[in-house]
Structures are given as C-alpha cells and as structure tokens.
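Consider the two complexes below, in which subunit A is the common component and subunit B and subunit C are the respective partners.
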Partner chain A sequence: MNILYDEHIDGELQSFEKSDILADLQQSVPSLTLLHREEDLRPFECDGLAAYRVLPMLVALPETLEQVQTLLKRCHALGVPVVTRGAGTGLSGGALPLERGVLLVMSRFKKILSIDPDARLARLQPGVRNLAISEAAAPYGLYYAPDPSSQIACSIGGNVAENAGGVHCLKYGLTVHNVMRVDIITIEGECMTLGSEALDAPGFDLLALMNGSEGMLGVVTEITVKLLPKPETAKVLMASFDDVEKAGRAVGDIIAAGIIPGGLEMMDKLAIQAAEDFVKAGYPVEAEAILLCELDGVEADVDDDCQTVRQVLEKAGATDIKLARDEAERAKFWAGRKNAFPAVGRMSPDYYCMDGTIPRRELPRVLKGIAALSQESGLPVANVFHAGDGNMHPLILFDANREGELALAEEVGGKILELCVAAGGSITGEHGVGREKINQMCSQFQADEISVFHALKAAFDPDRLLNPGKNIPTLARCAEFGAMHVHNNELPHPELPRF
Partner chain B sequence: MTETATLNADQDIADSLCAQVKQAYAERAPLRIVGGNTRAFYGLPVDGEPLEMAGHTGIVSYDPIELVITVRAGTRISDLEDALAEHNQMLAFEPPRFGSASTIGGAVATGLSGPRRPWAGAARDFVLGARVISQEGKLLRFGGEVMKNVAGYDMSRLMVGAQGTLGVLADISFKVLPKPTVSHSLKLSMPLDDALKKLAKLGRQPLPITAAAWHAGELFVRLEGGKSSVNATREQLGVRKSVRTCGANCATWSTLFSLRITTRHCGGCRCHPTPQPWRWILPRTIFSMTGRAASVLSKHPLTPTPSATSANRQAAMPPVTRLLSMAVRKPPSHHSIQWWKNITVS
Partner chain C sequence: MNILYDEHIDGELQSFEKSDILADLQQSVPSLTLLHREEDLRPFECDGLAAYRVLPMLVALPETLEQVQTLLKRCHALGVPVVTRGAGTGLSGGALPLERGVLLVMSRFKKILSIDPDARLARLQPGVRNLAISEAAAPYGLYYAPDPSSQIACSIGGNVAENAGGVHCLKYGLTVHNVMRVDIITIEGECMTLGSEALDAPGFDLLALMNGSEGMLGVVTEITVKLLPKPETAKVLMASFDDVEKAGRAVGDIIAAGIIPGGLEMMDKLAIQAAEDFVKAGYPVEAEAILLCELDGVEADVDDDCQTVRQVLEKAGATDIKLARDEAERAKFWAGRKNAFPAVGRMSPDYYCMDGTIPRRELPRVLKGIAALSQESGLPVANVFHAGDGNMHPLILFDANREGELALAEEVGGKILELCVAAGGSITGEHGVGREKINQMCSQFQADEISVFHALKAAFDPDRLLNPGKNIPTLARCAEFGAMHVHNNELPHPELPRF
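On to the complex of A and B.
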C-alpha cells in the first residue's frame, strides 16, 4: 500500500490556492524567507528516507522565534498543515512534506546558547548539530551522550522529535534520558516550557511525551540537555564467531556477568564483508558474526571488565578475540560499524534500512525468520544489530530500477517488523514511525490504544495541522491495512467506513 | 529462558479491576486508587471509592539477562527488590518506601526516586512499558519489554508521576541493572557551602559517585562500581582511616530513601512525632551561586531553620508535613492540555 498521504484514509485536508496562502504569509510575516518556486522547493522534497518524495507547497526558513510563532498562528487560522524539519536526516519520513502544507525548516536556529560546566547543562537552539554539542562541551571534559550515526549532520531538535538513539543507549539512554527541558510553540502559537534545569518537575511528564512525538504536538524551539563527564578511558574488544547464534548468546553472557558495556554491537557476515571492503577496519571476513564490545569508565574498572569480558567471550566459543591496542585501532574498529550502511550501499544500488527491536533472547529465531524472508524474496539482507539493547537494523538490498523491487523490499521490510512485534518487540527502536512504518503501527497497537494516541494529539492540536498523517495511523488506515487486532470477534469501531 | 518467579501472593485481578473502573465510569463515581496506602500524604486528598490494588500482585515475567522485569502494580517494592536481588540486580532509581506495604504501582504513580536519581535517572527513566486500565475499563498496553521503543507517543512515561489521573497502572515493565560490585559510603565534615563546591567539582569528573547528601555539617558520599575505582576515589577524596564510613545500607541512605530524617538535630528537641520532610528540587546551578543555597533555604518564610539538604537537591527539613513540590504545583496553563479532566479515575 502506498505510504504517501491519502486523504481517503488519512483524513481530509483543507483546499486552498497556493498563491493566496503565499500572499497571506508574506503579508503577515514580512521578514520571513518563504520559498515557493519549484526549483527552490526541490531540495526539501524528502528527508533521509529518499525513496519517498513530495514537493511541499511552501518552505519557510525562519530566523527568529517571533517569525515561527506568527507563522504557526497564521497557519492555524488558515487551516494550513505544517510539517517541521530539522537537518532532514531522519530515516522514517517524519519530515516528508505535504503537497498542501508548509514545510517549516528550523535549520537556521543553530546557536549554542550556553554551556554551564558546573550544572553540566547545555542550552541549545533546535538546529544545533548533535556532534557540535559534544565539541563545544569538550573543553570542560564533558560530552553529550546520545550519538546517532548521523551525528555529524543531524540536529538536536530532530533528535528530540524522534527520540534518537545511537550505539551507547544501553548504558547512557536515548534522547529522552538526556534532555532536561524543551521549549515549544504550539500550533496555536502558544509558548510552553516543559521540564526545567532541576531534575524533576511536578505535574505531568510532558517533557517525556515530547520526546519522540515526531513534531505532532508542538514545534521545539529550545532544548536543554545534560552533559556527562567524559569517561576516563574506553576500550574495544572485537570477537569473531563461526555461528550467529553463539554470538547472540555471548551478548547475554556478558550482561549476566554484571557488565553493562558502553556499546555492544553485532554484525553478520554480509555486513562484515561490506564494511571490510569499504573501510578496511581489520574485520575477519570469514567470520559468521562479530561482536564489538566497548567498555568505558574509570581506567582501573575498565581493565578489570576487559578481563571478565574476554573470559566470557572465550567461554561462549569466540574463534578470535582482539583488543584494540590504541585509540587509532579503536577508531578503526568503530569505523567499520559506523560506516556499515554506506558500505552496504556500495554492494547494491539501493538498500532499505529497518529499525525493529526485540528481546535479545529472540535473536536467533528472528534472524532465521529474516533469512527465510530473504531467500523467499531473493533480496539479500545484511544485519547490523545494536546487540546490547536489542535494536536490529536489517538492510534489505534491492535495485529500484528493476520493476517491482522497491515494492518487494517494502513488503519484506514490513514482514520483518511484524516478526519483531510477534517476538515481543517494537517496529521502531530509534528511527521513529514517521510515514514509513505507519501501516505497521496497526500490528503493534490495538484500535483502543490508537484512539488514546489520537485523543492525546487532539489535546495539543485538535485540527490535526501539525505533521498530519505521521506517527499514528487513522483507524481507517488500519482497517484498510488489514492488520487491525480483532478482539472477541468484535470489530472495533464498526461505524467506520471500510475500504 | 524466561523465568517466572512465584511470590507468596501471585494473583492477577486485572479483569476485576477493569470491571470496577468500567462501572465507576458508567456511574461517574470517582475512584481513589490505593496500593499500600503509604503515600496518601502526597498530593491532594482524593474523595472516592477505593480501588484496591494490593491484591494485584506478582512478577509477570523476569529474564535477568534481558535486564527487564514486568510486575503487577500491587506487588510490594520489597518483594520486587528481593526477587531482583536473587539475581544480583536492582531497580536503579531506588524507589523510596514509606512503609513495608509500599507498592511498586504507588512508586510509579507518584514518580519519586531515591538517592541515585541524579546519576542513574528517575523512575520514569526505567519504565519501559505499562498496561493501563482506561476510564472505560479497557486494558491498554503502551511501551513494551524492550530497551528501545519509539512507536507511538510515550504514554507509559506519561503515567509516571501522574498519580493515577490518566489511568490505572496494572502491570509495569522496568529496565533493571546489575548491582554494583562494591558499595562504600563516606562521611566528610564540612560546612554546606564547601560541600556544594566540592560536589560541583567532583561532578565534572567521571567518578563512581551514586549518592550524595549533606546533613548537619557532614557530607555523605556513596561510591559504587568496580573495586579499583571505588578505592581510587576514596583516596582522591582524602578519606583515610580517621573518617568513619558505613556500607551501602547505612542509615543515612535509608532515611533519605524514605524521605525521612531524624528529628534529633532539630534543636535538640523532638519537634514532630512523624516528620515528613520538605522536598525541594532545585537547579544544579545553585552550586554556582555559592553561598546562596543556605541563605535561600534559611530565609524562606515557610521553612524553619535548615537542618539538612542534599546534593540531589532534596532539602530535608523537619518539621513540616507537606512536600513543597506539591504546594507549588500549578496546573498546565494551556487550556487544551486539560484533556484529562473528564477522567473520573483520580
């Protein structure tokens, strides 16, 4: 089923003349940069999920919060949908524009407002790049922990919108665990502050809610994040296995030994070969799987833990264990992992990256299921896995120029996500639902739960103007998708039209 | 591999709870959700028929290797912690208990966290998912039993601290952590302002500190982690034989745990029979306003002479009977946020 916005099932959008809206906005926010010519709009037609492209009606590039506020108020009054975009690196189409909507681009807000080394806090505008935070904090011996692999480009506002993760989540948490406060502007133009510089605040935890809300509840205008003291040392062990299942069990054994590694990553044979071919990270190309285990903290403890992990890996049947000798080799080991996506991209004209999570014990079963789907469809699948926190990134290789292959890749991807849900996991660990996984939401949630999501959305944005069609599917879409949970043979909401 | 521990009282009464909520909603009769009834002092008094959660108990699933436990809301915190301790694991947010009857559902509904909060995170940081009874009496599932899950809005974290106003917590899934190998608490004599300066300085270094408190001229610091780093940090802090130390279960932490403090420092008199401290949560930037902390605390018109404060900004001051965080609580200003108002369950 096509994932582009479909008014029949995703809800009607208001009709208007583009020229009227443009004239109105130019008049009400005269200082605002508004792009409206096709050639200017083209660069904004997609985010990191480039398979889906829609030309927005208008692109707004504000530079002041007053402009954002007035724009939102005006769009609210006119009934024009607003899709917010940060750096445009998102992988789930969360910032996919609407043909009849304004794309609000926050990338010009890139000031680091303050760094307080004593309070260990950084106040940021939403367009600040993730990596720029750690760079600015480095002189104080501090850093910002969440590190999505796009950290060189992705913005903190987008990180909040998607509740972005990275390779250190098991120990250091996701974005939600590292944000103290956000300021937002609602679609009605009201400014709100959620959270504070203090650790806990009374009232509902709307701050937690805002993380991962995919721009559906408000536009994030300022973020205060926690900074952590940089670990004294970090060491990486690389273990090779002749069997994926053994590697999977080794992950459990490390945790059973009472160790929480800073990072714990697994790659399968296809991913190892792709990465080695691309960055020459020193990976064993003959291995069926490798584990990368990073231990960080105080030097003395890290040395003790390295010993323990080495013993655990030996016992788990690792065929080879290497400790990165120095910082250069550690960086090389990680370079292979961090470049796994582009590396796989060199093997195939296109690839489709999934983001399911599972309880780790289900790994062998889910990997078998993925292998079967790969064989059945004829599309190779490379597996990269945040093993520590159960977040899988199967990469489905295909060629969009071959008729029907994109559709086939999407179908395989959808089935992989359903495997994850069946194993007790989730359709997305860190990329977000966006537009990409909108149909699979119907397999993870029941109609009553989806109705609660809609009620919550309506509390912030009753007219559904902020990023409509993302994150939460309509019940009509779930009925059409055919994956709705039917409880006691009673169809939920029988009053809804079915297609 | 999933291990289901059986407790003495392991019973699932979710169906009956759903039926009670459904009926109450039909009759528009408010409900007062009661677990161990040890936190009734917190928040505003609620008038309603009790919805007894204490019978909804037991561990639904626990797999130590997954670092995830799912537990029914009426389970006593002590039972849950015992089950985790068998596998050398713990709830890292150290939920405060207000008596042996304190339940895990109450801990999550009030969203209070213990001394490890500034370093490890709050209750909400460890909630992975929840089954929640809606006002219509339906059992809804949000979040899950995996570490990372960004599908849909984060309803389960929204439930933490919502005091049952958004639904009844039936089961809750937590991320759990291994217990540290070594735990060691130290006591250093110093005035409050020096203690604040010291903590600000220590906070910028990667040290294995997991709790800190200042009380009556003494700074308490808990060090936890590997043996080597704990010993090294002890030396760095200049703690030698002359300083008295106490272990992980040292009385200081357990009194802070339950947000209680002894009254003997209160001018030598017993000022209040069952003191419940104020709990202030202040920005850490108070550290950069050196000297201000004590004066702010002592000059506040509602507070008596300060006798205690702690590094995690919990100022424990007898004798007062309410939590300031509740006293200053304001409803969200945005009119549309009050969508929860029509929920009868309170």
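On to the complex of A and C.
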C-alpha cells in the first residue's frame, strides 16, 4: 500500500518547482516555520493509517492566524495543494500528505481560549487535545462528551474534520452534535464564522457541512463546543453469551426497552481472549461474545435502568451477567475494551481495522456475514465495537510478509464494507473516508450524488487545492474501480468534467 | 405588505405564457391535479404569514412520486420556477407563491409508511402532520419530540424545510437533530437519499444541509425520524418575578445548575395579562414576568430537579413559586403559554411576531433593549418565548389601519433582529427566513458567506428554479437594503454575478 502518486490528482497540478515555492513562501511569510529537508519531513509522512506513506513537499507549522491566511493565499495564487493535519491520529489517511503539496500542521494552535461554565461552552484553538478539554472543564463539574479512543492525543480540529465519535456517542452524539461554532479560513484567505452560540443559524447549515469535511472546504482555526455536566454516577454491566448473534440481538432489545446506555460495546471471542491476555480485565475467556453496558445519570435512575437491562439480557439468553462492584472493577472492565486494538495487535503481525455502520437490527445478520468472509478467506477477524449505534470495527488479522495476504485483507475489508452498505449502513462511522475508503465511496453513492459533493466542494474551493484525492472520489476513479452505481448502465451527466 | 412582484426574481425568468405551461403540464402529467382558475388558486395565496400574499400561476397537487418527478422535469425544461408547500402554516412566508411559478402542494402525501418501535424510527411521507407522528407512536410508548405550536396542522415536510423547533427543543433538539434520512427529488428529476438509518454518513453532510433549506435544494418526498420514549413523568414549576431582567437571569442560572428542563418558557406582563384574560390559566397578573419550567424523566430524578430549580429560582429573586399540583393544573399552566399568541391577538388589531435567538446570558440585556425600542416607538411589545434556548418571540402590537403603524412595526421588528445579531445571536430560531427576513440576512451575513450560499444552491439547482427569492438574498438586494456587511467599504468579489 505504498501509494506515492495519484494520477487523478497530480495529473491536474500546475507545474511548479519545489525550490520556487519554498522561496516564495519564505519571502511572503518570513516568520513561518517551514520544513523542507527530507529528514525533517519524514515524521509527517503518514497519520494513524501508517500503511499509507507519502513524503510531503513542504511542512508549514504556523503559530498565528495571519500566517495561515497568508500561506493559504499564496498557495492559492501559486496553485499548490494544501493538506491540513491536526495531531495525525486519524485512521483513514485523511491527513496523508501530497508529494507535491504543502502539509499545514495546526499543532501549535493549542490554546483553550475560554471555558464558560454558565453557558457550558468552551472556545478552543484547533490543536487542543480532546482530553484536555474535559480536563479544563472538570473543575466546573463539566466535560466534553465525544471520546474517540485516541482522545489523549487527537486534537479537536481533527475531530471536526473527521466528525469523530467514541464510546459515548450513542447517548451524546458525534462531534457534529457537540459543536456550536467554527471559524474557518478558505483557500482564498477569507475568514468565515459558521454557527454561533445561539440555537440555530439561518441559511444553509454550513456548520454541519464543515463537520466530517476532512479539510476539503477550509482550514478550521477556532471551535466552540458544548460541555455537559458530569453524570452523578456510572455503572457497568458485563453480559456473556454463548453465541455472537444472540449478543447482537440483545443490543437491539436494550434500546427497544427504552434505555439509552452511556456506552454499549461488544467484543467477540477472539477480542475477549486477546484483551484478557493483555490486561487481565476479568473477562470470561470461554464466552463467544460479551456486551459491556454502561448506564450513567442520577443514582436512583441508574439503579432502575440496571434492573431493566439485567432482565433484558437474561431474556436475550446471556449465560452470565456481572455488575462491576466498584469504580476499580468498572475501570478494569473498560481497560479491556479500550486496549482491545493493541491487544489484538499482539496476536498477529498486522491487522486492518474497519469502521462500517449498520442499523442496529442488522447486527446479527452482518456478524454472520463477517464470520463467513473470515472462514472463506482463512483470515481471522476479531470484532470489537460500538454495538449500541451499530458502528462495527472488525479487525482483520494478517501477515503482510506472507505473499498476497495484504491484498487479501484489503479485499475482505472491502467486502465487509459492501455488506454494511447492503444492510442499509455506511462505510464509515467515525474514522472518516480519507484516502483509505475513497473507492468504497463509489459503492456507497451514485454518480449524481458524487457530482453534488464535487459541486459543494467547488462552492468553497473551486480550484480543488484543499486536500485533493481524499473523501470524495473523482467519477473517473469510480469508473475505473468499477463499482459506480449507475442508472441504466451509463454514467449520468457525461458532459460533466471528470474531476 | 402586498408584495406582488420581485424584480430580482421575475427579471430573470424566461418568457412563457401561463396557457402554454398549463397545456404542457396537462399533456405530460395527465393524471396530475392542476388548479389554474383564480377562485381555485385563491386559498393558496399565502402561508401562515398572511400579510404577504401572491396568487400563484398554477397549483399542482400530486399524489405519486412519478407525478412529482415528471412535473419537476417539465418545469426544469420550461424554465418555470417551483415553490413547494406543505401544510402552509409557516410564519416567514417560505411557501409564498410566485405570480409566475408553480406551487407544488405536497399535502396528499400523508401516509405513515412504518413505525419501527425497536429501532425507534418512523418512516413518513412529507404531508404527515407533526402531531400524527406522536399519535401513531403512542401505542409503543414513543413520541416525536420537536413540537412547534402549529403541531396539530403543520406537516413533517415543512418541519424539515424550516428546521422547526418548539417548546421541547431545548432538551431534545430541533428538527435537524431528530431526522435520520430524507429522500428528495431534484429540480432535474433525480431521486436522492440523504442520510440512513445508520449512525453517520460519509462525504459532506447533505442531510443536515437539507434541514432548513426552505425548499431551495430539492423536494422532500420521504422522511425517517427518530422516536423517543415518553418520559415517565413531567412536572411544571411557575415562578413569578417583579422584574423582567431578573427572570432573564434566572434562566441562565437554571442551566448553569446542571439542569436541562424539558421546557423553559418566559412571558412578560403584557403576555401574562392577555393569556390570563383569555384562558384563565391561573397566572399572577401583577407579576412583571413568569417562568414556566417543565422537568421530565424518571420520578425520583424529576423530584430532585424540582428541588434544585426551586432553590435556584428563590436565589434569583422569584417572588412566588408554584408547583402544578396535578396533571390538570399542569395542563392549565401550559394552556396559557400555548394560547399566548391568539390571546395577545385579542388585545390589538394586529401584531407582528419576531423570532430571534441570542446566547442565554444576553437575555437580560436584550429584553432591556426591546423595552427601550417599544417605549421609543410607542408600540407595545409582548414577550412570550422559549427562554431556555434563547429563542425570543417579541410580539409587536400595532393597528394596520392607522397611518404608518405597519411600517413602524416592521422597523421596530428589524431593529429587534439587529439587536439579536449584535448580541451574537441570529435572526431566526425556528420560523425560518422565508420571504419575511430576507433583508435581515444581509445584516447577519457577509457578502462572502452569501456567495457560498448561492454556490451551494447552484450545486443542487443551478438554474435557481426552486423557491427563488426566499431564504438567501441576492447580493443586489443586500446592496439596495444597505445593510450588507462589507470589508473595506466595498462589496467583495465585484466580479461575481449579482444574482
């Protein structure tokens, strides 16, 4: 997967010399830190999807809005593409650099500008780490709800770009549901404020559009997020099952019983064993699947809900149900889940993490389909995922050193995503499309819809200089990939440019 | 306010004859009900904003998707603008017809396609009434949360178009937060599905974009909404204040105490007296303001919260606090609030209802500003509003038969909205922009931002045939209105077309 060149992107670039660009930027933004030597560029060649690596032409590390603005204006004038990067923890290659582009790294914008406990809002620079928001809000009894696994390291700007989720998003929503306002700078250097601290904004919903846009519409320079009061208490139930599909059905039953858990996670046998081996979480290694169900809120309320969930789980056929006795045991149960990815990583030289979503009721059927794909291919698949919102994370185990196994893993991954789409779901829940799933976008959408995406992109960035080659495939790419949904067997709008 | 002609719209139309259009549509969609005689058109000349009236050229009342699709394709081919209308209860003139356009009335699409109690979803045709959704979901213990005052009559398609709110949107969100999926047909007749029943969709967030787009991007033909479990109990506290600003401050104090009420409404003296006179709600007619605070959830939880809110209200200087003793008294307290608009209507020949939002903390200051504007103009202003989310509804009382009073009321209304914008708020909370607030959009946004709106519109409807003249002002209009936010005293992008 050493993709160094994308003919669909670089084929369109104006011709320029790296040395000319460097000289121009050094002259127009003299105070800006610019890296250009190979050894300095190397640390930036990939994000969390390390299988994809590209050395950027230049890395810019601005510290002021003026530097960002001038840099973008110059890149616009020179026709140089710009990829924006936050903490670089993304799992879909959204911040993968371009060989002939500037990597704009926003990590120096890490100030918490204000915490307003009365309005329950935090104003943040984009480089602020996700967990740092909750830490700063803690003295007021508040926290920031979306909690991707990478929350120690990932930045809020990247969270907006990928519309990040986490264990708690079943109850508290994705990033888009927790952001009130973002400030952006467009590729032309214009500053815009999208959303406000007030309830609703007139006109089209540009704020929602920005969440999950993967740096293709503008560079986010400030974010205002909602803070929530910390729940009075949280308890966690662990249920064991002798059958994965039964566990999948229990997930729907809990929701149907009128409960919205703070978190509702599922792990299958392979994941349970890996996690138990790694962190000694107290998991039942003989079980085919476990569900972890966290209930949070006011004490009396949580106790009621625990009762209800216990009954639902029993009826669904759980072979054992444990309530974490205390905070220490609750932490241990979660430690297993939170370390499941690295735990699985210890079992196999390589693994490939998928991120499809499906309607909850399809869980049993899709789990069965994944098991069949695993058996067919001979590659083990571990399932660890946000069951409550149908956000699956199958981990495909393989050994890249074995001839053909990487390609096989990618093929199985693609088939799993197609299974999700066929079940009425989508190819990404919280990791984004990035470079990784650009081909699967052709399975998810029709050419018409992809054309609308391109037109929206053009509304902000008509020259397609911001993060080209990510998120939205070109129609030409889809045609090559062979998976374009077409009406009447032909591409609609044949007159449209094939960008 | 008898606006019969908008030169910015009609100036652009291709020339056509009504009789030719009628003949063409009758031939291309023979099964379609088409109204064309003046007496048949008359009932459709306005929506809930009855001060604005325009007789449409033709009214179409389709019953099948194929009819909608063919109608749109023909209108597209003929260059005829199309305004889509739901139940016609909107308060901003979003469904105001065009003298030279087709009014597409979706009221015959009123099937509830399915209720899925396990997934807690309802699939609906756009003409289904808001309240009918909750009625259909009631047997499963579920309901649909957004509840605009017009919920008996308004339709879910219109709710999506205007991103409708209601008393409960503080806790449960606006329409956009409760919609999972919409199907649309574009002006070119293409069918698209935006969103899904799964957690998140890749690509740009077209689903969010559709909410509040006021029929300018496509015609909504099906909607999937979330259903919520009915809270176990609901209690309401009524607090009296001898000072409006104190009441305004108490609103922020309640939220800051960690409570999110199911509803938090405020009424000032004029509104209290009008409502009491009309429905005998048991309101304190001597008070300067009251707050109605509803708490819903599990019994124990609600009792706890009632205690907390009572303490906060006492500390904030409430002169009296009453807990509704039973369901009957609770209903009476709410009856006063829900009938406040017609109640105020009995006090004055005419009133003009505004719909600005502001950050909660600005409530005391903006209420003071409104009082000053009322005194200065001599026009009484009653305040009845969703205080919890800072969504104000000042009612300006006037007599249209008195020379100049209508113009004065409009002027005061405009100044109130400018006050909201200056306080960091917006010109609409839940009623939309429509025709009514199109000039105020020029105060809310910069020309750059308006240009982006136009470009987004063009992504779906490049010929600007869907609901032209609403929601997004032309730059030319803003320049005339004189309120365009400009950089360096000149319009940016002078090279852009002045559509």
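Couple of notes before you dig in:
By our rule, the second predicted complex is superposed on the first by the 480 of 499 C-alpha atoms of A that agree within 3 Å, B and C clash if a C-alpha of one lies under 4 Å from a C-alpha of the other, contacts with A are read in each partner's own complex, and residues count from 1 in each chain.
Following the convention adopted for this analysis, contacts are C-beta pairs under 8 Å (C-beta built on N, C-alpha and C of every residue); 3 or more make two chains touch, one makes a residue touch a chain.
Please read these numbers as outputs of a predicted model, since none were measured by experiment.
By the touch criterion defined above, A:424 lies against subunit B and subunit C together after alignment on the C-alpha atoms of chain A.
Of the two partner chains placed by superposition, A:349 touches none, neither subunit B nor subunit C. Applying the stated contact rule after C-alpha superposition, one finds that A:256 touches each of subunit B and subunit C. Applying the stated contact rule after C-alpha superposition, one finds that A:231 touches subunit B and leaves subunit C untouched. When the two complexes are overlaid on their common chain A, residue A:205 makes contact with subunit B and with subunit C alike.
Looking at the shared chain after the overlay, A:162 reaches subunit B, while subunit C stays out of its contact range. In the superposition on chain A, subunit A positions 117-120, 141, 163, 165, 169, 174, 176-177, 190, 192, 196-206, 208-209, 211-213, 229, 252, 255-256, 258, 297-298, 300-301, 304, 357-361, 389-391, 424-430, 432-433, 437, 441, 444-446, 448-449, 452-453, 455-460, 471-472 are in contact with subunit B in one complex as well as with subunit C in the other. By the touch rule above, subunit B contacts subunit A in their complex via residues 1-2, 63-68, 88, 111, 113, 117-118, 121-122, 124-125, 134, 138, 140-142, 144-155, 157-158, 160-162, 166, 177-179, 181, 200, 203-208, 225-229, 232-233, 281-285, 287-288, 312-313, 325-326, 328-334, 336-340.
Those residues of subunit C that touch subunit A in the complex are listed here as 116-120, 141, 163, 165, 169, 174, 176-177, 190, 192, 196-206, 208-209, 211-213, 217, 229, 252-253, 255-256, 258, 297-298, 300-301, 304, 357-361, 389-391, 420, 424-430, 432-433, 437, 441, 444-446, 448-449, 452-453, 455-460, 471-472, 492.
Note for the complex: subunit A touches subunit B at residues 116-121, 140-142, 162-163, 165, 169-170, 173-174, 176-177, 186, 190, 192, 196-206, 208-209, 211-213, 228-232, 252, 255-256, 258-260, 297-298, 300-301, 303-305, 357-361, 386, 388-391, 424-433, 437, 441, 444-446, 448-450, 452-453, 455-460, 462, 471-472.
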